[in-house]
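Have a look at these structures, which come just after this line.
Shared between the two complexes below is chain A, which pairs with chain B and chain C, respectively.
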Partner chain A sequence: MAIEDDVAVVGGGIAGMTAALAAAREGATVRVISHKDSTLRSASGLVDVLGYPPRSGGSSGDSDASESPAGDAGPLADPFEAIPDLPEDHPYTAVGLEGVRAALSLFDEAVDGYRGGHTDRNALVPTHGGTVKPTARYPASVAPGLASDPRETLLVGFETVTDFDAPLAADHLRAAGVPFEVRGVTVRFPGAFRADARVTRLADALDADERLEAGDDPSGVSTSLPARGALAAVVKPRLGDAERVGFPAVLGRHETPSIRADLEAELGAAVFEVPTGPPSLPGMRLEGALRGACRDAGVRFTTGDPVAGYETGADGEIAALRVERNGAAIPFHAESVVLATGGLVGKGVDSDRESVREPVFDCHVPHPADRYEWFDDDAFGDHAFARFGVATDGDLRPLDARGDPEHANLRAAGGVLGGYDFAAEKSGAGVSLATGRAAGRAAARQVSDS
Partner chain B sequence: MSDAENPDGASEFREDEPTDSAEEFEPIEVFPESESMDLRPGSDDCYKCSTCDTSCPVAAVDDEFPGPKFQGPEQWRLKRKDDRDIDESVMSCSNCMRCDSACPSDVPLSQMHNTARGSFVDEQMDKLSREYVRNRILSNYRTLAALGSKVPRLTNFVMGLGVTKLFNEKVLGITSEREFPEFATETFREWWEKRGGPNVERDDKRVAYFHGCYSNYNTPEVGKAMVRVFEAFGYEVLVPPQKCSGTPMFANGMLDDAERAAETNVAELAAAIEGGADVIASCTSCSLSLRQEYPELFDFEGTASVAANTYEALEYLRVHEDLEGALADAEVDDAAFAYHAPCHARNQGLDGQAVELLDALEGANAEDVGDSCSGISGTYGWKEEKYDVSMEIGAEMFDHMEAADAETGLTECPTCAMQMEHGTGYEIRHPLQVIEEAVVGADAA
Partner chain C sequence: MTDTEVVVVGGGSTGCGVARDLAMRGLDVTLVEKGNLTHGTTGRMHGLLHSGGRYAVSDQSSARECIAENRVLREIAGHCVEMTGGQFVQLEGDPDEYFEEKLAGCRECGIPAEVLTGQQARAEEPYLTDDVKRSIRVPDGAVDPFRLCVANAASAERHGARIETHAEVVDVLADGDDVFGVQVRHDSGPGKREHARTGERERITAEYVVNATGAWAGQIGELAGVDVAVRPSKGAMVVMNCRQVDTVVNRCRPKGDADIVVPHETTAILGTTDVEVEDPEDYSEERWEVDLMIDELSALVPILREARTVRSFWGVRPLYEPPGTGTRDPTDITRDYFLLDHAERDDLSGFASIVGGKFTTYRLMAEEIADHVCAELGVSASCRTADEPLPGSEDFTVLREYMDEFGLRSPVGRRSVQRLGSRADEVLSTDGPNPVLCDCEAVTRAEVRDAIDQSGTDLNAVRIRTRASMGNCQGGLCCHRMAAELHPEYGEPQARAALDELFEERWKGERHALWGEQLSQAALTYALHATTMNRDRDPADGASVEYAAFDAGGADGD
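This part shows the complex of A and B:
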């Protein structure tokens, strides 16, 4: 016999966990199999749906370097207005506008502490580089920092958190024409942390409100203060007329609301987080929230080894996934499978000098034969590779080179899908949610029908 | 992933004259050919995301400890200059190997740490120092245990004496805070001999049991449970000669000791595999050692075969038998457990297994106490200077155990079990013992 589930999901990011949650809520027994800890630790924690219209609008072609890069068109005010006009091969087209809305409803209901659900319009979230990112949902800790809010702003960076250069970010925001005064200062995080202390270490200190050495006072006596108070004391003299203060996202792993409340009380100003790069605390919090929702729905997790192959039944359907554990292949049986392994960055799509492939099921990945057509000469140009991924039918089943489903019981979701450039159009999380939900539901319904 | 950078272009290298044939591409060798074990590809795969540092239990509580990214790829690069020493902080790594499963880029972090620690101990550590002597003693626990268990009652009495603990702490640097584990009055192997070996003989269902040191000398009931459960499923159990898996030696940088032990283990287990057996371990650190550390560090004939044919006991039954079906037909009394998944089980994808299996068994329940590390990491928490760090790491697990609706602990790892008992006073059992009760019966002899 064997390890058996109704639905197996390969991959533990937003798409995989959303697929698992959606399938479990349809009554299926579900297992998520992921090679490593979730890549959400590298994610900003922002949930974008569509920030910019797609550039070339579809399959790779002769791109003209003089074409306007994304961004010149300006961010989309309302992503939902633009979705019905997306190209045929865009993943949103497979799930439709209602699919996107339903996925956001699932997210809003399953994950606490997010904002943005009150409107269809994109929020403009300042990033650690000082740009603004059009986003549909964002953590509550980010909310007071929105660029549409005219309050005077102080950005505070820390000497040792080099991902966020506050004066530079302030300059960029000013240059972008934001409707408020903004300054940036760099301070020392209080306490005697090592120069390369991780953001998680600082977050732990704030979570526990650890007592930190505050340095020598004028009388030469060294004093210690609780971390939150010590941090506020460092910032307060630099506050000026600012009505809100932005920190890099280090404000706790678990206690973010109370940390913000304590800082706000001490400073007399609103406090918000600016999402930073990996390791990302908002990403970890989102991982924890999605995982908690999955566990509550009965989803099981198997993490640590890659799915290296699969077994098929007599009907050509996938019967089992083979998880490779240091040379031994462990079969995990499932009636229906969702592929959510990510794109080129997440290794769900792989390439060498000859071809582009999907490594787990060897699904067909459409791409030009000549690899010089895979990219644009301009580094920030319209790269074909950014849209590489599997093509699917309307039921999110990956299609082979002839246009037939690879397997009747295999669906794909998230970054492994082709036809969209998540980085340019700012749609990564939204596509993962929408296709994850649709693939998970379809997988579970296929099981209950059989 | 929505903020992730675009990956580099599909090709970073472009000849002046594009050629059609990939065969003509000759990468330029920038670095000289490397020695026996090439860690450079792993080092190159690190893109400095620092995720490993955020999952390191030592770095979370020890501000002096530069995390796994430094200990692995960064230190490896620094070492390319001959005059660079290995930083002594590598000795503060507990070898929990969590960084391995954190890395999104498959950097072999623990392999890098093991080799760095090995060369630090080899080349930089004073062989007459108290630390070296103490670490050598701790990592060769099996040698001590073999002696001690010849006269188990006397040993248990002596090890429990205040004066012994004082000596251990003051002279050797072994903490006096912990109770030395008691030796069984009859080792697993003695029991096995007395029993006359296997009760089931068949050549089509055969497993070779790697019991490890702890099941042999300290908790033979775990080994007996393994034998009875496998025999209940119709397996012939072999118990080949074996030495320590090497786990404590790796963690202390005693790679020569580990290599000697590994050579025997690989030869014996590979022979059993030749004879049609798969290898079964009940300790998840032993199985990880056979599966991952041997192939990463040694190259004996049969190493790969042993790695590919070694399984954790319940994992094996789950794959090859209807274990869940058998459990669904069984019932136990009042078996509620606070379950801790050992870090080394996590790396083998086994962290959810015990909870899932007991879900299927009426009367049993295992509540996962979270994904924190127990903090003891084998010999680590026995070191006088590491004891406090070890307990600080374990604090979260202790809290969650207290909060769980159970008064008994459950784990696959013998040293995690020591820590769980030390922190809560709970009795700690191995999942095999619960499965034994279910499928063989409580009164099995």
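This part shows the complex of A and C:
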């Protein structure tokens, strides 16, 4: 039997799942086709909207030196104020301020356990590198740690969780001028874990509240304690006057609220997480939450197989995607398609020594001809590569080299879009949500119109 | 009384070799280097331990020295050397006469050489092209120049030498026609490098000064008022993400660019070009050089065309030829070394320069200089550097179960012990848990801390000692972990400055590999450091933040 959906979404990250959710809510039948793990595993789980104005460098291919070197422009307290002034080719310009707001409303309503919707203001979240970063929405587990909250803070690191050095982060936060007292300690995670145990293993132990060896008590008798209590017992003697305690983000895959509640009850202090690099539990939790929201809305998922090509109808519209499975190309028919395969990191944008391309539909990706103009000589300079991606019309349809839509029923969302540097701006999840929602709605409406 | 008997200027293989040799002969030696050890040419070569085969036609005396020193280094520096073996590969169409000359030359120089048929060559090195006609197998190897150089410096220190890195010579002290020392500017210190610590100048008087600065020898010569006409020549090297070959693969034809692939640790290194430059520190690093390596060498090993590179780097050869020789093409300049006795040459006593030469014969060069210095100073001790193993290569077997002993998983334990050699016990026996900090190269915390003990806050010095941050991710996942190990011994601002410096150094080479997988990797690194950590807009580096203007959390709590 032929596989037929109204809307097919290629890519299962924030943008793809948001597009799917938005399309499903418009009444379309929707399928997400994703090949590999999304980059959410590497993402912090914070939902940045706009933390800094874009550099003056502007559009992809402009290799002029940046006029605003990193570091001297402060973070934006209100991201929404800055959105209307963004350049023409920024993805937010296509969806408009209202599009961004509507996408955040959709997110707030569909995903449990996030905070920040009570205000337009950005929050400053302590990072595992010891800086603070501006973001618009943050997991509840991160909320008590905000840098504008003046409560005295203890950061707790673990000897074997090497991405977060708590004493160093505490000193760094102090250098960043945070308005609270902060100390850091390094402790051994309770139990007999190997030195190279992944953070996911520690999270599993906390999820299940496994009984862990707590070491020898003074009488020499070996005891074991449930993981959460054991962890609290290690931290408690170091608490001092701290009113909140921050851990690297290892507090469970699924049971984070109850883990935090148990730790808070034992410690008598608020407990929060500091987001870390891959594997990122907050990123994985966000992926799970979005997937749950999609499933609740009736979205179907086809995972593990790549889209290797597509078929077009007589009108040049995409008629079907060819999904490669066990050596065969299986057609997935759809009326409308959303491309949400990510940027360079997610491999929705690919390159070789000569050129940059979008590998699924071979959409045009503007870029300088000489690859030595793709980067800046400073590691945090104004990199052209950071803005690589497809250019679109106001309806998020990718444009070919002449400026015409590649296909009338193909839209793009998230990292595959060009014209913005999400890392410098801190706008990654926000652009994915806003363009994902807009592309999904437009795709569904195109189906209902036809 | 002078501060020291001999000042050696230059912390590359030659300088460290000279320092070790003299110290072992009982002299009081001070070595000064303006950057890290290996900062100049030593740290920027492809890591080939020559069999001598490359010079067997053009320069047989160099070839004989190479095979002799090749054998010596296998004995004294076993933990720095991997005897991969090598081949000189003739493709269909490459000249037969040259192949025969190469073979005869190897045999004349005492280099073991065996002819392989095309089929045998490919059986040994399966990724060689189908176009292989035949090859000559020779005992080429791979050597870690960082480890070797550091081991020489460590040995010198054990014999009482003082090693000062980040100590640039700003003047050569002379009294009329006699050199009696140098003035150096310490970046920080003296002592181990420490970011944010104020440096100072120091006069170091000595009975003799050795200029072992290679491509920089002209600059030091100028400070002493003598002309040392080094002709620096740059060469590009491209680092691959894995070992596409397990033996050294040389193209068997007369000199040419891009004719060698050296397996090196977890990588393969493609080399090289030969272009004369004005300034050993300021020259262009160009796209055509990278493309040439890949395009030319994929004729030899076709999978290189689509393979991933992780970075490129350039080194400058310290070529020298006696005044009046007038060779035009740098590829024609001799690879031989020259000891310039400035007393004889320029009527300036107490000062000599060593120029030219190559890495494989560093020890022999050092021996000749040390002999000269001893003669000048009336010391009659003889050289022992060919007989005494370097620290790390002492009596040692790797048969023990290091993995279990140190709680390391087997590939990690094996890599650690390969790098540390006989120092494994000393370094890996730690109290706390010893997690891996650099996943790509399997470098543990204990190794990083050991390197910090040696070199202070300089994370590039830690990198060359451990290989941490030299793998596929080019430090994206581990730079900050390495920096964290500096704290609390060193302060947070120092750890931050050290991290920024390492991060920029990694980026410098990775820029030349930005397409395909490595561009994706670089974009991930950029995202992790800029987005997740916000290191590009660190408020600790920039303007103060008005914290009260931001969300302090909702009234709803959780």
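Criterion: the second predicted complex is superposed on the first by the 436 of 450 C-alpha atoms of A that agree within 3 Å, B and C clash if a C-alpha of one lies under 4 Å from a C-alpha of the other, contacts with A are read in each partner's own complex, and residues count from 1 in each chain.
Operating definition for what follows: contacts are C-beta pairs under 8 Å (C-beta built on N, C-alpha and C of every residue); 3 or more make two chains touch, one makes a residue touch a chain.
Since this is a predicted model, take the numbers as computed values, not measurements.
Legend: residue contacts after superposition of the two complexes on their common chain; A:428 is shown touching both chain B and chain C. With both structures placed on the common chain, the touch criterion links A:383 to chain B and to chain C.
In the overlay built on the shared chain, the residue A:200 is in contact with chain B alone; chain C does not reach it. By the document's definition of touching, of the two partners only chain B reaches A:13; chain C does not. By the touch criterion stated above, A:310 is placed in contact with neither chain B nor chain C.
Residue contacts after overlaying the shared chain place A:48 against chain B and chain C alike. When the two structures are aligned on the shared chain, A:350 is found in touch with chain C, with no touch to chain B.
More chain A residues lie in contact with C than with the other chain of the pair chain B and chain C. When the two structures are aligned on the shared chain, A:374 is found in touch with chain B and with chain C. Judged by the touch definition given at the top, the superposed model places A:121 against chain C, while chain B stays out of reach.
When both complexes are aligned on chain A by C-alpha atoms, chain A residues 42-44, 48, 127, 133, 194, 196, 275, 277-278, 343-345, 351, 353, 371-372, 374-375, 379, 383, 385-386, 422-423, 426, 428 touch chain B in the first and chain C in the second.
Those residues of chain A that touch chain B in the shared complex are 1-3, 13-14, 36-37, 39, 41-44, 46-48, 127, 133, 192-194, 196-201, 204, 275, 277-279, 284, 300-305, 323, 325-328, 330-331, 342-346, 351, 353-354, 371-372, 374-375, 379, 383, 385-386, 415, 422-423, 426-429, 432. Against chain A, the residues of chain C that register as touching in their complex are 287, 291, 294, 407-409, 412, 432-437, 445, 477, 480-481, 483-484, 487-488, 491-493, 495-496, 503-504, 506-508, 511, 514-516, 519-520, 522-524, 526-558.
Those residues of chain A lying in contact with chain C across their complex are 42-44, 48, 51-52, 70-75, 77, 115-119, 121-124, 127-134, 140, 143-144, 146-150, 159-160, 162-163, 165, 167-168, 171-172, 174-179, 188, 194-196, 257, 260, 275-278, 343-345, 347, 350-353, 370-372, 374-375, 377-380, 383, 385-386, 422-424, 426, 428.
Considering their complex, residues 1-7, 9-11, 18, 22, 25, 49-51, 53-55, 59-60, 63-64, 66-67, 70, 101-104, 291-292, 295, 304, 307-311, 315, 318-325, 346-352, 356 of chain B touch chain A.
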